[in-house]
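Paired with chain B in one complex and with chain C in the other, chain A is shared by the two complexes that follow.
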Partner chain A sequence: MTYVVTDQCTGCRYTECVTVCPVECFHLDDEMTYIDPENCIDCGGCVPACPVGAIQPAYLLPPEQQKWIEINRRRAAETPVITSRLAPLPGADQRKMALGR
Partner chain B sequence: MSRTTVVGACPHDCPDTCSILTTLEDGKAIAVRGNPDHPFTRGRLCVKVNNYQDRVYSDQRILYPMRRSGPKGSGQFTRITWDEALAEIAATFKEIIARDGAQAILPYSYLGTQGIINGLNVGDPLFNKLGAAVSERTFCDSGSCTAYMMTIGHTPGVDPEAFVHSKYIILWACNTLSTNSHHWPFIEQAKKNGAKLVVIDPVRTRTARLADWHIPIRPGTDGALAMAMMHIIIKEGLTDRDYIDAHTVGFAELAERVEDYTPEFASAETGIPVEDIYQLAREYAATPPAVVRIGVAVERHAGGGQTVRAIACLPALIGAWKHVGGGLLQLPIWAFPVNWGGLMRPDLQPETMRVINSWQLGPALTGELALDPPIRSLFVYNANPMAMVSQQGKLEAGLAREDLFTVVSEHFMTDTARYADILLPATTQLEQKDIMFSWGHLYLSYNNPAIEPLGEAVPNTELFRRLARALGIDDPFFHRSDDEMIAQSMDWGSPVMEGIDLETLKEKGYLRLNMPATGEWAPHRDGNFPTPTGKCEFKSTLAATGNFVVPLFRQGYNGGQSGEPVDPLPHYIAPNESPASAPDLAGKYPLSLISPKSHAFLNSNYGNLPAQLAQAGEEQAVILHPSDADVRGIVAGTPIRIFNDRGVFEAFATVSQDVMPGVVVAPAGYWQRSNRRGPTVHALTPPAFADLGRAPTFSDVLVEVAPS
Partner chain C sequence: MTTSPYRIAIVGAGPSGFYAAEALLRTGQDLAVDLFERLPVPYGLVRFGVAPDHPKLKQVTAVFDRIAAMPGFRFVGGVEVGVDVGIETLRNAYHAVILATGASLGRKIGLPGEGLAGIHQASDFVGWYNGHPDCRDLTFDFRGERAVVIGHGNVALDVARLLVKTPDELRHTDIARHALEALAESRIREVHLVGRSGPAGTRFSAKELQEFGTLENCDPGVEPGDLGRDPFDPPHDADPERRMAIGLLEGFSHRMWEKGKRCLFRFHLHPASFEGYDHVGRVMFRRMAPGEDMERELAIDTGLVFLSLGRRSAPLADVPYDGARGVHANVGGRVGGEEHGVPGLYACGWSKRGPQGTIGTNRACALDTVDKLLADLGSLPSPGADAADDLVSALWKRQGLRLDFDAWRAIDAAEVTRGRALGKPREKFVSVEAMIDAARGRDIAC
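Entry: the complex of A and B
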């Protein structure tokens, strides 16, 4: 069990999460970030840091979101580590507003 | 809807003592988070505490006093009033005192909550005044503390934040990312600055995985490695002669002593290749500032005390203390000017008291210890011995005694609480106020209560006020308010308290002790060790008094110390139970068992709560090396039995290269509910004490494993 990034990140990818992670366990692709479950220490520091609330502890995921546990595991293994914040994706702020965050 | 934030501090027995912000909505705590402004907490908590509000509002909470209504251990209770509970306790205590004397009453506690007024010493004045048995609490770091006192004194050691300046960091028996995780960013920063990180651990832990160099070591053999490092450093002239001449005693004797501890000898003991031992010693000596952080586990074997003695000699030998970020880190708690005497009140004790060690609770209750008078009443708070104490089978038999009157103050129906005659409801940290030291950083903290106590739960301070009243104790000392206790808990006139006032502390939640700035402070650059000679004592003066437990862990009492002779020079003591030291035993039980802290539990705290069980796994898992699993026909994920002559427990097998061949890892803290047949790992751990400070020998156990 660990924390996972969900599809709420897709299209925003603010990467605020990487600024608080003490163990560099965030990876990324063009769409979103992923948490490496092997290195995540479950500190939860990234949860309030995410502007769109995309990160959740795995045990609290609703059934339809459970797939993100495996997606995070797989994509973290396939993608590079991100160690510092990047600019959000274009349209991220509008999406965040639309989400009412 | 009104939303407010309250600043508090984590209550747990963890070095990090985080600053916690609790969010309240209409008076209810809805979330907790790490204080982003606290230099050590940095906005993060951990898997234990992230959802602390769920612990507080758990439907498993004990919220009212209760009396046992079924057989001992059945967990059947009936609600009673506080007045009834107190009257029954007071009447029983008085009867016991009249018949057998107060020493037939045994308090039992540790750091289930670590606050200064509600924690380690909260019950000491009352039990000292009664003249009850002294509970010698050598749960954690007691062997290390005795060894430390004998070598470098009760120094705070290296400022944990100064690790950013270190160039060579050895985490020795310390899984930082699971048990000290807020220290990690300082280590990580040092790594970014070019430091090399070495982890010495039988297990490739989360921390070891992120190290530059993981050195697996056979359990209980760390002392051989430390002695061999000194052998190499002295032989090869890697010492700092100026520092040794000015600030140490006993170098010539130490040099002679380490002659025999060759790297070849240490390699045979530890399983570490000879060339790695050379490399470690040479790099450590040649890469200033070099720092060692020892974990609690380093003491948990037959020679645990002398292991810490040897490790504590290393920094002086190479002059590591001269540099900011160089030296040794164990317990910065010694930096805090706590008014320990005022908390424990040893002046109230009768001249002689009976001392009963925490690890001997089982034999003390069953009568195996042949106590006269026997223990008639056990008063448990801040502790769950059924989950954490060796000889679990004996403890269970002792707790089941019909003539034993057991009182337990708790949050939950723990494996111990089930055996209570009277069960009392205790508050969580959100419901109580306290002032907090830390044993992992240099910030004094204040815990503002966030909510009113739930049900009829009371803080430990109030529990002992009520008990004193019920016992007819009029002395106003026993009826001080929490605010008065806090005001008297510290030596506010101490130079390190300069600039710290209670009002600011309450408001901000934490203040750094008035120590020199992290970037400038090398605590023993000029010696000044708090030892009898003022120097680092390779040859210990205090060894002459024999083995002792620091009085802080024994209600302030210094009588009746065990006093076994102690060799004044560091040396290696092999494990009691290892294939090399006990070949006959190893013929039956060939595997070494260790029981480190579980990542998701704090000792046995959280072993009953859904979020942490989801992380840790609902059932106890035990990790074996593939070679040990294969030869026994053990398949990952299947049930196994782990056993020795003391007992047996069941678990699920995890098979992993992360453990050394010959080593079995059972993370501790699980309750009986998570072990398929009841007993947990401490059914197998031994009664033996380590050589110093009566530390446990939990990492010094041989077992066999078989499919269930």
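Entry: the complex of A and C
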């Protein structure tokens, strides 16, 4: 099992998730973050930390979201690890409000 | 000109102590960190709290080992601050001291009969099955058929799960041998997990609850009479995690009892007293479920009770204590706070903010404390250049050996070897003497 970042994260990039990960397994590109399934220890700490509910345990993903397991695996291998919080992308606050959070 | 590096002492080698060391050593400043730990073994509650059947979480120790390998890091094991060395002595030998001592004391419940035999702190049971040297001589009476766990958090779930798992489900974990043997003889068939709130008000995390649906010889259940009106309606502001947990409990309420054991989730029960002669025989509760017009008295017969009501930090001599929060008194990690602060003294982890969050929460917490420390560092008085090294040498000389990280590596290797023969990831040494003997396998006498 692992935890997976889904498309809710796109264009938001509050990196609250990164600050609570005990093993630094978040990776990042211009769009969003990805969890490295090889390093994730399933602590679940990032789930409540994400203000937009983008992170889910793999076993709870609905069928149409299952593809994110593979995307996280692939993109985590291709992108750099991120070890501390970034400034949110412009528009992140509006997106958070639009999502009603 | 030689510039002496800043010397920082951290007290407690649990997650928050390691993360504080990492945050300091990553600054690029010329500084060195001594991590003091009362036991010869590191990792705090990752070794002695996290349940043995959650091995994946324990992989976080690989991160701590990487931190231990950073230049400027030193592990000083077997030294209890406040006993073997005073906090003032430490403050005089270092620029700054960070307390990361955790929360080792269980909270009492404050009810009549609390002192009866058979009533235990969950933290003692956890320490016992995890082989903590302080807990190895405890005994628990598993001869009855029913146990009661009071408190609705994840530690209570760990306690209940360990009580209902089969020996085969535990055999290949790093559970202490004495615990595996005693639990294999257990006659407990029914565990009541009791809390004051309803299904929507627990602190269970969904992942931990979900495991109860997958146990080999135990069914989860809910006592219908406890529930009251609309028990499984999530509050409107519930996050997805909470909704999931409530949904799981609702699922449990439809389960039949088919397997050998049962774990009953009980709600809206307020403990009133413990009854029995020298040994507890039953626990009295008042039930106040929403929508019921009157409060009911209710008894659960049991000879084994675990209190899982949270933890607080052990006070340290010469360190101000916040009795209400159960932590070293601090404002944002500065001990004592803004006006009556103790200069150069800081806190992080559970001894700063109390027992909440996951392992990684301590990382953000330690970073925050280290930010404060770095802001103050220039204004703190400098100890003598050799003060820290002299102190550590003297402590080790007094012990007659050097319990550093290499000593831990020797203990670790010996534990893994012992475990291999039993098909376990490790068989822990459960006494400090045995740990030291294993460490002596290497040449660490000084």
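The rule is short, and it goes like this: the second predicted complex is superposed on the first by the 101 of 101 C-alpha atoms of A that agree within 3 Å, B and C clash if a C-alpha of one lies under 4 Å from a C-alpha of the other, contacts with A are read in each partner's own complex, and residues count from 1 in each chain.
Here is the rule we use: contacts are C-beta pairs under 8 Å (C-beta built on N, C-alpha and C of every residue); 3 or more make two chains touch, one makes a residue touch a chain.
Note that the structure is predicted; figures quoted are calculated from it, not measured.
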Partners on chain A (chain B, chain C) - clash or fit
clash
Would you sort A:P57 into first (chain B), second (chain C), both or neither based on which partner it touches?
both
Could you look at A:C43 and tell me whether it touches chain B, chain C, both or neither (first, second, both, neither)?
both
Touch check for A:L86: first (chain B), second (chain C), both, or neither?
neither
Looking at A:P22 after the superposition, I want to know if it touches chain B, chain C, both of them or none. Which is it: first, second, both, neither?
both
Of the listed segments of chain C (73-81, 289-297 or 379-387), which one clashes with chain B in the superposed model?
73-81
Going by the contact definition given at the top, which residues of chain A touch chain B in one complex and chain C in the other?
20, 22-23, 41-45, 48, 57
Chain B residues touching chain A - in the complex, by the definition given at the top:
33-34, 42-47, 50, 177-178, 181, 184-185, 188, 206, 209-210, 599-600, 610-611, 614-615
Would you mind writing out the residues of chain A in touch with chain C in their complex?
19-24, 41-48, 53, 57, 60, 84
Residue numbers on chain A that touch chain B, as the complex places them:
1-2, 20, 22-23, 38-39, 41-45, 48-49, 57-59
Per the touch rule above, chain C residues touching chain A in the complex are 15, 56-57, 59-60, 62-63, 205, 207, 239-241, 244, 357-364, 367
